[in-house]
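Both complexes below contain chain A, partnered by chain B and then by chain C.
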Partner chain A sequence: MKQVVVHPERCVGCMQCMLACATAHSKTLHLFTAVREDPLPKPRIHVGAGIHGEGFPNRCRHCDPAPCMLACLPGAISRIPETNTVVIDPDTCINCASCAMACPFGVIRYHGDAAAPPGKAVAVKCDNCTARQKKGMVPACVEVCKSGALTFEEPASALGRKTREVARSVSRDAGGEPIAPGFALLNAVKRSQIEMEKR
Partner chain B sequence: MKYVIIGNGVAGIHAAEAIRHLDAEGRLTLIGDETFPPYCRPMISMVLEGATPPERLPIRSTDFYRRLGITPILGRRVSGIDVEARVVRLPGLEDGIPFDRLLIASGADPRPITADGLHLAHIFYMRTERHIREMLDAIPTVKTALVLGGGLVGFKAAYGLLRRGIRVTQLIRSAYPLSMQVDRTAGEMILNELVRKGLDVRVGLSAAAFHGNGRVEGARLSDGSEIACDMVVIGKGVLPALSFVPRDRIDVDLGVLVNAHMETSVPGIYAAGDAAEFVDIARKTRWVNAIWPEAAAQGRAAGMNMAGRPVALKGSLSRNVIRIFDMDVMTGGWVDPPESAGFEILSRHDRRRKTYRKLVLDGRRLVGMAMVNDIAQGGLLISLIQNEVPLRISGNALLSSGFNYRQLLN
Partner chain C sequence: MLKDAEKRTVTEDGRLMLEKAEKDRIETVWDRYAAQTPQCGYCEMGLSCRICNMGPCRIDPFGEGPRQGVCGADADIIVARNLGRMVAAGAAAHSDHGRDLVEVLAAVAEGKAPGYGIADPDKLKRVAAEYGIETEGKPPHAVAGALADAMMGDFGSRRKELSMVRRAPAKRRELWRKTGIMPRGIDRETSEMMHRTHMGVDNGWQSLLLHALRNALSDGWGGSMIATEVSDILFGTPKPSANTVNVGVLKADQVNIIVHGHNPVVSEMLLQACQSPDIIDLAKAKGAAGINLAGLCCTGNELLMRHGIPMAGNHLMTELVIATGAVDMMLVDYQCIMPSLGKTASCYHTLMISTSDKARFPGMTHREFHPENARDLARDLVKEAVENFGRRGRVYIPVEPVPSLGGFSVEAILGALGGTPDPLLDAVKDGRIRGAAGVVGCNNPKIKHDYGHITLTRQLIENDILVLDTGCAAIANAKAGFKVAEAAEYAGPGLKAVCSALGIPPVLHMGSCVDNVRILLLASALADSLGCDISDLPVAGSAPEWYSEKAVSIGAYFVASGVYTVLGPMPPITGSMNVVKLLTEGLNDVVGAGFAVEPDPEKAGILIRRHIESKRKQLGLDARSV
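Then we have the complex of A and B:
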């Protein structure tokens, strides 16, 4: 089963994924109409900045066992086994924030949502774009990510590739494989800027 | 293998499921004193307030016992444990129930108070689904209520009754509500919010006597003054329900003492949830953390150990999240340690936006946190406390709500 894999070293912090995510979870599914909706659609992926100003797309890991699922008082959080997705039922959610207390990644937010009863704030988090996947589409954040920081692939093959990259980087004369020259340069610039500000 | 679980609450249920997960054959008996299906106790205050219908309380369907092959014995309290014979004693059951592995997940009962006139009608404890049903029956005739206790239960009772349009007076011993969960600043913020919504709070007082004709009509307070009320809710905390535990055989302090495998001083006998006393991760000392998520985790771990898979827990951690009126409060770990503990305290209080964040640091280790009206990433801080992760960024950077998960990884 394909999963969204995050490669933080490739994130440039453009936040396109946030926009795409919010649009994919709106009523009208189009950016130009979504911005006029009530409640205003909000992203479920959150791009923040690391210590050196590098981007980091923070999204639900769909943990197993999921701490939020164990902590949910009314039993609104469940797992779709077919896609290994942890989802929140907005009708059952009582907005108690127990899941926010349990989530070690801080990815659950509380607000009104197109899928929730009108006027009701509920716990909202990534649902792996289940609705899009049913139509044969990839998750919205992956579709718009142009830097390759978000990919949709088999976890086993992603892991295998990573293992090979690490293995190659430790072999004597390989010297590691750069992701792409651009990223290394960008991250180096950000790092030195921060260092200069500190001085 | 014969498993017996005392307790039909969240710890008992999770233990039963963990056992069944690993052992499909063993004989599993579950004893509970309530007859209602296994339900979510923290949600009873939402039923009182009218936000949730009582049908939403159960956390497992009615065929739960049948589906998992559990023999339920409901509506009865255990009278004793015979440690040598390995038998649980029940009133009216001559031979008792034999066990190879026993779990004490009996939970807690409300702490009783001593006052005259406690026999009067409309004086309630707030602990079980039945208490709430009785309160809801009384509410149509109630205009003013008296709530004793400034803890989570007293506080939720006061909130629920206010939402029902009842005039509420709350008596608390400390200077602000939730003194076990929050510090003075957060406590006063909560108090102000409740007072603004019409709650009458009196501090440093308790009730000495109740009077009335059949049902309660008023109370005399510890300072000699009188107050009229049609209803009283007692929320002075809870005590582990351990009347049946032989204290000369099983080590008991406030709760049943357990090790990292949730096993008591007697091999084969385990304890979990509100009845168990474990190590608190932040305080580094024995502690009863009577909270829902701990009970779930401990029950699950106990069940796995009982079924033969050794699972160790590191300790328990106090934490709470409360949402009332327009206010969100989340706390975790040791929020208000004494000055002698020598911890570094960082806080940021924005009076205009009514937000407050507080961190308690032991060197590079986070040991406590409190957040008011700004709780979205609180779980991250709780996980830092729980896993004792040394901080790589300054505490001040962690105080600002804009910090990102990535910053903790570098």
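Then we have the complex of A and C:
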């Protein structure tokens, strides 16, 4: 089945996925009104900066078996088999932070949420935009990512494409034309700036 | 296919041409817009800053990420700086256009502009007198030279106040002085805005916004006003004249030449060339029935206003007009010319010519116009267009043109009223006309093409509000058939009676975007005869489909002049609720008017009606509840 696949090498760090994710999990579903909601909707995907300042979109991997699910004593975390989504039930969550400690990727946060009981901070993480998928929509972060860093597809096809790309890039005489020369140049400049810091 | 076209435009020619474009595999502004959606939320909210090279920065409106730029600017400062720069760019565009006309005026005075002349010597005298120039017994050329000099002085001014602010009501000027937003020089205010928004200068979001008003006033009562007045002096003050609009103005059996952009300097020379008998003979020798010069956007409006030249369409129609395959040559000057046009034209036989020293476009041939060479170059180019007629492929002109009436300068309106604004005032006072509204501005693919303009205009005239329009809005309304005397049928009973008595339509075409100053002047005249300020009048402004920075400047000078203004598309300011509040509420206390944003034209109409009725009430006139 289709999954959100992350291609970090294409992330431009614009953080659009964060805005779209937060908006998709708001009450009003519109950016301009969502920012005035209480609780303020927050993203479930977080863009971090790599050592060269490059963007990296970090989101739940929906691991199987999922360490967070194994760590949750009250049983608030379960899996939706149809979409292979690990979800947290905000009503059962006791805000103990065990899941966050168990998660190797640090993608679980704690705060109030439109789906949680009012006034209650709960564990919040990516739900694969289950609500959107039910309506036949792709996850919000994927829809909004203009650089192709996030795709919604069969993991096998993404991996096959990746294999072909890698294979071509190691061919002798390939010339190594990057997918986006301007972006590669920017990254090269950033990298050399970081290198200069070390001198 | 049909469904998509209907989603994009309310116009029949637009819909049919969109279908043709799709068949021809022409990419349009709507396709590119769809490819851009969803658009960057930071930029839409005004929260991204590219002003300095410590950035780019963005503020996370959800409070997870950064709350300040690298320099420490918060959301309020970043939003205000970005908006200020939009005003500066818009004011610069109008004002640079005005400067080009002053240069032509100077060249005419020196006898170095063959083909150009002084078409309205009376207006030359009147405007020169306002500048304190002695006109008695002086030949027009000498007066023109002195006026050009004095106007140039307004651009790089060492004065405390621009010359033409004297046309504003005394109360308004006093208010500008008191609040410190009196415009001093045209270039100065734009330059100062760029200075203030440089990193580390003005970081008071309120003072930035106040300067944005002053910058906009330097456009409305400076650059744009000069552009309009000098165009009238050089090419004639518009008088009501009939014309036709929509894609149907193209002629299958004639050489079709389209002028697009904003500046009448080039198009006036083309018109002369298109009318010269030897070139018409040449066209006939090539098998054409004649030469048909038509306009797009505001260059078109300039010609329409003064010469009744037909109008092919507005901003979103520009690619579609080329897709008819009937355009033998399109000449562009500057502003609002999509860089896609060269590519569109490459699918047809259309010759694309750029004409301004400051505007180049991919896929166009650059043939630069200057006052000295304009007459000859225009003749050469029209001959080339005639030669190109024979290379035409199949042509698709799917509609019949709609008749319309244009040319309502302030002079023409006062003329129609018998020389004074009194009949209009009487009609307003006794409630036959509730008030007046300017419906102006561009198209934006975010709003169904022309839907905002037409829907709002219809509602206003139905409710006895006289509509004054300019720019792309004016073209939309003309296409909708609102600009013939019979359109009084669409108006409410009071407005209908007044229009029928005067033989005018309920929607008056006042010109191009720089001609929005004509609306300011009319409002000033009304305020003066009532002995009040512009902000006391039952008038409003609106830009239901705006896209350009010029529109931001226009909106700001309307508001700073005291006119309540409703915008359709939201400007990029929602990142700061402080800025939003100041513009929508706070400004009322400062300049007696403010902005509203309402993308739904039905609701915008209600806002405007409510405002107009409330002003009537304040003036002690009968008021309806809306």
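Convention: the second predicted complex is superposed on the first by the 196 of 199 C-alpha atoms of A that agree within 3 Å, B and C clash if a C-alpha of one lies under 4 Å from a C-alpha of the other, contacts with A are read in each partner's own complex, and residues count from 1 in each chain.
Keep this in mind: a residue touches a chain if its C-beta (ideal position, glycine included) is under 8 Å from a C-beta of that chain, and two chains touch if they have at least 3 such contacts.
What you are looking at is a predicted structure, and each value in this text was computed from that prediction instead of being measured.
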Looking at the superposed three-chain arrangement on chain A, would you call chain B and chain C a clash or a fit?
fit
Check whether A:G182 is in contact with chain B, with chain C, with both or with neither, and answer first, second, both or neither.
neither
Using the superposition on chain A described above, determine whether A:L40 touches chain B (first), chain C (second), both, or neither.
second
Classify the contacts of A:M15 with the two partner chains as first (chain B alone), second (chain C alone), both, or neither.
second
Quick note, chain A centre (C-alpha) to chain B and to chain C: the enclosed angle in degrees to the nearest 10 is 150
When the two structures are overlaid on chain A, which partner does A:G160 contact: first (chain B), second (chain C), both, or neither?
neither
Is A:P117 touching the first partner chain B, the second partner chain C, both, or neither of them?
neither
Once the shared chain is lined up, is A:G48 touching chain B (first), chain C (second), both, or neither of them?
first
Is A:F56 touching anything from chain B or chain C once the two structures are fitted on A? First, second, both or neither.
first
For the overlaid complexes, name the partner, chain B or chain C, with more touching residues on chain A.
B
First (chain B), second (chain C), both or neither touched by A:E143:
second
After fitting on chain A: smallest Cα gap, chain B-chain C, Å
10
Within the complex, which stretch of chain A touches chain C?
14-16, 18-20, 22-23, 31-32, 35-36, 40-43, 46, 143-144
Of all residues in chain A, which touch chain B in the complex?
8, 48-52, 54, 56, 58, 67, 70-71, 73-75, 92, 94-106, 108-110
In the complex formed with chain A, which residues of chain B make contact?
40, 42-43, 46, 51-52, 56, 59, 292-293, 296-297, 300, 319-321, 323, 328, 330, 332, 375-380, 382-383, 387, 392-393, 402-407, 409-410
Can you name the residues of chain C that touch chain A in the complex?
38, 40-42, 44-45, 58, 60-65, 570, 574, 577
